[in-house]
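To keep things simple, chains are lettered A, B and C as they appear, and every chain counts its residues starting from 1.
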């Protein structure tokens, strides 16, 4: 009985320690593996995912999405983008590209589809814009510390939705995160300048940027400041030289 | 103590020599190298995509091949020594059974370290070369753009390339492989054939990647039926959480690994390795030769 | 009284066989003692329990009941094996190591220091006549060479006890003779030797005592002269005797109420003839 007892004692020490340490190492696992995913990507791909090849599979799906784009097969493209982002939600690139494909490529293609009426085209384009927005918003939910997705969303609001308020908000959020683009604060201020009732706020921000020095005194900033000084009737002695 | 280490070292060295002569070792390493090199031809969309794919496939290949090497190399050690009866002449010397087991463990570990270094150097070289090309491409494309735009773009390129976290991902891959070695020795300590050990370990490998889910279900009582709960508990108790060491995904995607998290994961690896080795030694000590 | 070198006390070994009702009783209440400096031969047909006995003495397997003591210490203590050298049957060594590497490996396992190892390896390779083959892999060795390297590794750490399992099997008569001489020289140095063999003539030439195992039981044991002596017979070998002298001796024996059983020319053994011829051939 002695060896069996020894084994039981070893396990009695090992198992609780193991469970405790595993709990300490737990972190947000990128999405549970659903049955739907298995059906979509097939059995062998699913086994590969189980074997720890999640991101390789995501890469392959994304490359397949690229081929779909070349064929302008928007439905297939959307499917693959959804699968790739589900498998690898920590890949910023996937969300960014997904947003771009939907809002810019699919959206533009919808507007140029002669087989549909103008109203239908606009509706379809709007649907694609919303899909693009959805990708970026979900991407931000998984990766709140990455400025790139906020920047992409801000561009989407600015260029496609013409929603300057949201564009300004998102450029500003991006500017508060590490490794953000150097133009985020400026762009946020530019967008704010287009929002009714926020012009003074925008002016103050642009002025603060101007005060920082030569690096910020880009032609567009200077032009915008001068234009706002006129609009807001800023006293001459307070204007920029 | 010194002579114990000396004996373990002697057995480890002999094990290493034995394994380094195996053809399977070279075949596996060759496959991994081919895969890493071919990955650079795979995606030509953007440099970020290319670097991401190279890193994913590179780390994925190293992960897979090192794991398979760990299992296959270890599985045949004990059966071979028993079949050739070499174990008799070794254990007839003043060698304790735990020294024999530890010697085998460190012998395989030596092989894994060398394989990892070889594959990593190649992988990092490919990434480094592609990163260099991406830097030149970017500088060409943004030659007329403001310097801050160029700087920002170059930061993006370097972030997508090789960094400290990549090396940490490789370290965790090695830790996972070491866990697999200790677990294979554990099964080998009572198994009667090479095939049985390998089959069992393939199952352990797959279940190990789902252990965290099983543990979660068992802890939070999400499953109905005592039989299912007992099964989940068994998985949670005895199988290692192999998914915990797969940080490659996150690291390639750009997340950084904190020092604390790294220490926790290495600690987890040590607990697994020590635990499974102790069990292996306990079982092997009672085994009739 | 000095402690016996090896003492097997009431050892029984039963091997469980999972799917059959009858268990295999390999050894039953085995008792034997080997004095220090003695050469003991363990004999028996295949399946008699010889290998099992050796493995139990070496601590490779444990007895179901009973115990083994080596110079008074229980043999389950690993340190006890520092005093034992083992030559296994069929040389169980790593085929990918060279002769020298094998000896260095076993030296390390026996706890020898680096310097000791170096000198000992060179010495033993010379002793067993493998100095020139030291850097060849064991996979290329002949059976005789494997046997010799086996002997060398058994002796690497100056053991007090040597356990030899079929030491001269698959070895030619010349090699066999060398091994025998080595055994005898070790005995002179006080090494206790336990050898298991089925080559009875050789056992007869070197052993002091023998034990005969059959189906796990020790049936006969004792000094060779005692065991082999045919009680009521005496051998008289005479040189240069004339036929008349021999006839006279026979008459004397008959008158003394004894009987001449046989009168013939003694024969040399085939082995002796072989050695004589090959030695002369070498010259």
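Methods note: contacts are C-beta pairs under 8 Å (C-beta built on N, C-alpha and C of every residue); 3 or more make two chains touch, one makes a residue touch a chain.
Computed from a prediction, not measured in an experiment: that's the story for all the values here.
Q: Consider the two chain pairs A-B and B-C; indicate the one with the greater count of contacting C-beta pairs.
A: A-B
Q: Just grab the chain with the largest centre-to-centre distance to chain C, centres being mean Cα coordinates.
A: Farthest from chain C by mean C-alpha position: A.
Q: So, what's the distance in Å between the C-alpha centres of chain C and chain A?
A: Here chain A and chain C have centroids separated by 81 Å.
Q: Report the inter-centroid distance (CA atoms only) between chain B and chain C in whole Å.
A: 49
Q: Go ahead and note the Å separation of the Cα centroids belonging to chain A and chain B.
A: 32
Q: So in the complex, the part of chain B that touches chain A is made up of which residues?
A: Interface residues on the chain B side: 42-43, 45, 48-49, 52-53, 56-57, 60, 63-64, 146, 148, 151-152, 155, 159, 205-206, 209-213, 215, 236-238, 240-244, 246, 248-250, 252-255, 261, 264-265, 267-268, 271-272, 275, 278-279, 282-283, 285-286.
Q: Where on chain B does chain C make contact in their complex?
A: Listed in rising order, the residues of chain B that touch chain C are 3, 6-7, 9-11, 14, 17-18, 21, 84-96, 288-289.
Q: Okay, in this complex, where on chain A does chain B touch?
A: 3, 6-7, 10-11, 14-15, 17-19, 21-22, 24-27, 29-30, 32, 47, 50-56, 58-59, 62-63, 66, 88, 90-93, 146, 179, 181-183, 215, 218
Q: Can you list the residues on chain C that touch chain B in the complex?
A: 15, 55, 58-62, 78-82, 84, 86, 88, 90, 92-97, 105-106, 108-111, 150, 153, 163
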